[in-house]
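Okay, so chain A shows up in both of these, paired with chain B first and chain C after.
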Partner chain A sequence: MNQSRILFFALVLSFILFPCHSVDSGILSRIDAMVSFTDTDFGAEYLIEKRDPGGSISTSKVVMFRRDRSRLFLVLILEPSVDTGKGYLKTGDSLWLYDPVGKSFTFTNAKERFENTSVRISDFNASNYAEDYRVVAQSAEKLGKFDCDVLSLESIQDSAPFAKVKIWVSRENLVRKTEDYSLSGLLMRTTAVPTYQKVGGRWAPYTVVIIDNLKSKLISGKVEYERTTVTITKPSLRVLPDSTYSKEYLERVAR
Partner chain B sequence: MLFFLAFRNIVRMRRRYFFVALAVALGFAMATIVSGAAFGALDAMKGKAARYFAGEVSVQGFHDPIRSHQRIERADELAEELARNIPSIRLAIPRNIYYGDDATLIFGGETVRQRRLVGVDFARDAEEFSGLSFVEGSLADITRDASKSSILISEAAASILRAHVGDDVTLSLLTDRGQYNSGTLVVRGIFQETSLFGYVAYLPLDTLNLLTARPVGAATDIAVYGHPGTLSINLAEMVRVELSRTHTVFPPLATKDAVDAALASGVSAQVYAVLPLEGNLSQMQEIMSAFLAITYTALFVFVCIVMIGILNTFRVIAHERTTEVGTLRAIGMQRSSVLSLFMLEALYMSLAAILVGLVLSFLGFGLLSFVDLGRIPAAGLFTVHGKMHFQLDPLTTVLDFFIMVAATVVAAAGPARKASRIDPAAALRMEA
Partner chain C sequence: MIFRILFPVTSIPFLVTLFCSMMLSAPAQSGAQELPSGQGESEAVQFDDLFSEPGSDRVVEDSGIDHLQAFEETATTRVSGSYSGVFSLAAGWKEWPLLENPQIGFATSTGFLGTAGISVDARPDRAFHLVTDLSLIYDPRSNGVYTWDFSKLVIADLYVDYNLADLAFLRFGQFPWTSGQGRLFMPGNLTSDAETGFTLRVSFPTLLSGVTVAALAQSDLFGNSVVPAWRELGFVAGLDQIIGPVRIGFTGRYAAAEGGSCLMSVKGPLFGTDLFFDGLVTDNAMGVVGFKALGGFFREWKNVQAYGEYTMEMKASPFVEWYPGSLGVVLLSREFLNTPFKAGLQWLHSVTDGSGCVTLGASWVPASHVSAKLAFPMSYGVSGSSYVSSSLNLDPLKRRLALVLMVTVEGSI
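Right, the complex of A and B next:
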């Protein structure tokens, strides 16, 4: 009896001394739901601006169509002109890269960098935290003006590009910051989503800033990282024909 | 008697024979140097390729059709089993190759993609890697490193990264499960490599296993090396037959594409593919064959010129010795003996000249080995430590020998036949 009492008080004391958030198992599904469009297609124009440490800037403009319920997306590059017509098509687990010069499709990896920026091709996928990750730790933190839950995630699917991810989620269940770690725990990429835009009843990021933590240079005594800024404009929820998500469509629009 | 006479005639007419012998000697030396250089270049290239592709014969293990899942569990045991059961094997050792094209070295904000990463047991595989030319550091530095957090990078990669020996570089790659992983490795050596086999980095086998999340003791390949003179195609078949006694093995496969085709037909359990080095070098072999063909065409023209020289010299010799031949015929020497005498002289002369030619070719090997070709970019593919490498192929040398002897004897045959037909009376009248 005495032993049980001691154990109970020790437990209470540990909660008082080391307060922590209990892990909310449903939060990942709620995050995914906030930015997924399962009842229609989502389309938008992405302006991707990469700034190398030291200053050189390169810009790409792409148009993206996504059908979240079927896990499809099509990305067509509009700029720079040298890459115009190049595109990516994801159908199920297959990702194809179309080269308009050679007029050929090659199988490619979603974990590749997009146009040599810090954006990965997998970033065009619909948010899928609930299926790819499990929460291993949760705490609270203020991120600028946002009160956030900080979730440490570990991958449970091979399709998840990063083995470990830390996300800052604001009260509206919108991801405001992400840190992507390699399997060995090295911080590879930091992503901030300062602004969202409302599209239908859901949300889509408006600006995304990605810092490549592996690409840095010491410039004038200050460490500068490669920074990619993505601005998403002209969001649309127009239902697109099935033929949009096909190789033939990519070939046709590339002409 | 004829043998003695022929020898005496050569000594007596040494001035006449000298220039013919010199031409034969130079011809043989040229043929030997060119073929030695060609075979040496091929050998140097194969040495580099064997480091890059995993041995003269590569044993690859698969348990599903996905190339990136290539794996041999307990590779050490299998390597030992092969080395024990096949006497022609000089070395069988596990290698771990990262075939993905997304491995990236990062240092000081610069990145460089690596065409492949090769995990090596440096302590046991030292001999095969001793051919690497280091511009900084050495093989011993990485072999001594007990932490195994080290890497050898190419000069091209080091130049882009502005990295030196002792710098910590970050290696980023995908695990076999497809997730990003990274490691910090100390550069222990920077080596020169040609662009064909460049943008490769070598690191300890266990370290690459750790980074790709492969089990300890696993490898993608077993690199098999044969004793000198063992053809890799024959060795591959020996390995295939030996493996097939206890394991499932694909039928003989000549190229990497054939392996991919075999994989595409379906794999559900552990299966092995045995690929000779030539399977990865078919294009290079074609280039070398073309080079040899051009060289031998040039040599053929040279031999023809030498033959004309021999023919003319023997004509003069036969003419000058008309009286001598007439006397020999008058005292009873048969026509066939006169013919044999001249032919023996040609044979002796060619043998002596070839011997001199062989000595000259070795002198040529020695002199040319001092020439530094390291600054010529494409030459690195065919050189060892930036210098020309020569290898005498016994079969080709014997062939060169017979070609030169035959050329001399054939060139001498016409004048010799003519000399044997000299009428003794007419010859003696001419003297009178």
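Right, the complex of A and C next:
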């Protein structure tokens, strides 16, 4: 009898000390819905600033067009001038690259990074947490001024950008912070989205800060990571011709 | 594209092609230095500070901006100019050096290549686009011999684009056009003569994953080039279809003077590696059937890219003959050992005659407008073999072993 009481109190105590959130299976769909533009196209200008460990900074400016309902996006580089005309066209899981100097296309599934920054090609995709991942743990945490649910995710699709992901989701169902892990559990990248912008009833990030946890140096005794800051401006919901999302269009507008 | 292989026909080309074939056109990647866990805590804490006073999320108006306009239409005609000067120095041996007398077969060479270019890009409205890109090349030598010919005019681009209601894109004029997937070996490039002739190409971007038809005109295709007949034109048709992660493409070409060719291209991923295959069947005007195949791979890691190709050939004239073909592998490091150097290794090998060339190379940017490249090519095989004595040895002096330094000064307005 005493053993049963001890077991009962231990269980009660464990629930008090370690409150366990039940896994909310619909939350990933709600997250995706908040940032998906399914009834129109989404276009915007992206200013991408990369700071190497040690301080050297490089900047590029691109224009991105996205058609979420068809899983398409097109990225055209405006600056630096040496890369002007380079283009990326994503159709489903595959990518066309256009090199205006060699005037040739490359079709690839193996390229992950965008223009030598911490930005991944997959970052331009429409949010697809519900199809790519399942929630394996959920807890609550305060992240600065945000009350967040912290979700640990495991990929259920080979095409998922990372094997494991941890996301901090604020009360508005917006992802504020992400940690991307390899299958072995190595932290590869940390992403913060401190501010969003709402346009046409949906949300898009306004500022994104990415730390590449695999690229670091000891500078004056302090660890510095490669850090990329993305600022997204001039959002536009203008509907574009179907031909925009084609490799022929990439070639036509390249300079 | 992985490799940008240029084949200038002058004296510097040995140096230029060597490096151009070594260096990727893709962007650089910095090296990674993994640190023991915990050392990055200070920055991680600062990272979370981003959420302390992040500013409020904002509601913004749909800007309604037509971002495409920036690419499709310009108020003025853009005229730009460029200049580049390439200085080179090479030293090496035509045969393997002898320790007792290293001067035997030793040869040095220098070179200069100047290129001045002017381009005009006009987009008066969304339907019309004119491009002219001309270069004047100054090279005192041709194929290793001083000819002092300073007047080589090269038309890189001279074409007009016309957009037919976003349904068809027309391009006519002279322009580079590459088919096939090879970058080291290009047996599937059925459209290379668009660079030197006149081509009318019509693309239908929304049909499948792209459908293209074209007619090519150039002097080689006509029995009498003074009175060309339309039946003698070269005709090309191609289509692409993407199925899941796999791209399948077909390109066909027919010209009365050369017969027909059909190319099938397939590319897809396997365990994070791109694999590709080109199969080309030709039936020339004499009725000789041939087959060429190309297979290859591309893989990218954090700081290293690897690329390889293998090509082989078969001819049936009148008996079936197989040619074992060639092999090429390239490794590239975008940031070599935490230095500002990019480094590469290229190995080209002819399975047919056992010759080949191994090249180690490095490049860096010492100052604004200046780039420097250093290479160490080594050709092996018996004398007279392809990578030792033929045009596959890009060195006009046909050295087996050389050290090459090339400095480029370039600018544009």
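Keep in mind that, in the parts below, the second predicted complex is superposed on the first by the 233 of 255 C-alpha atoms of A that agree within 3 Å, B and C clash if a C-alpha of one lies under 4 Å from a C-alpha of the other, contacts with A are read in each partner's own complex, and residues count from 1 in each chain.
Assume a contact is a pair of C-beta atoms (placed from the backbone, for glycine too) under 8 Å apart; a residue touches a chain by one contact, two chains touch by 3 or more.
These figures come from a predicted structure and were not determined experimentally.
**Q** Assess the superposed three-chain arrangement around chain A: do chain B and chain C clash, or do they fit?
**A** clash
**Q** Looking at A:214 after the superposition, I want to know if it touches chain B, chain C, both of them or none. Which is it: first, second, both, neither?
**A** In the superposed model, A:214 contacts both chain B and chain C.
**Q** Would you check which partner chain A:109 touches, where first means chain B only, second means chain C only, and both and neither mean what they say?
**A** A:109 sits against chain B and chain C alike.
**Q** When both complexes are superposed, which of chain B and chain C contacts more residues belonging to chain A?
**A** The larger set of chain A residues in touch belongs to C.
**Q** May I ask you to decide whether A:128 touches chain B, chain C, both, or neither, giving the answer as first, second, both or neither?
**A** neither
**Q** Applying the document's definition of touch, where does A:195 land relative to chain B and chain C: first, second, both, or neither?
**A** Only chain C; A:195 stays clear of chain B.
**Q** Touching A:182, do we find chain B (first), chain C (second), both, or neither?
**A** Once the two structures are laid over each other on A, A:182 reaches chain B alone.
**Q** With both complexes overlaid on chain A, does A:173 touch chain B (first), chain C (second), both or neither?
**A** So A:173 meets neither chain B nor chain C here.
**Q** Answer with first, second, both or neither: which of chain B and chain C does A:246 touch in the superposed model?
**A** A:246 sits against chain C, while chain B stays out of touch.
**Q** Which chain A residues lie in the overlap of the chain B contact set and the chain C contact set?
**A** On chain A, the residues that contact chain B in one structure and chain C in the other are 109, 111-112, 159, 214-218, 226.
**Q** Any idea which chain C residues touch chain A in the complex?
**A** Touching chain A: residues 1-2, 4, 25, 27-35, 39-40, 42-44, 47-68, 70-72, 78, 121, 129, 161, 163, 166-167, 169, 171, 175-178, 203, 205-206, 209-210, 212, 240, 242, 244-245, 247, 267-269, 272-274, 298-300, 302, 334 of chain C.
**Q** Which residues of chain A touch chain B in the complex?
**A** 53, 109, 111-112, 155, 158-163, 180, 182-184, 186, 188, 214-218, 226
**Q** Can you check the complex and tell me which residues of chain A touch chain C?
**A** 43-45, 52, 63, 65, 76, 78, 83, 91-94, 97, 99, 101-113, 115-116, 143-146, 159, 172, 174, 176-177, 190, 192, 194-200, 203, 206, 209, 211-218, 222-226, 234-238, 240-244, 246-249, 252-253, 255
**Q** Once bound in the complex, which stretches of chain B touch chain A?
**A** 102, 106, 108-109, 111, 170, 172, 174-175, 177-184, 211, 213
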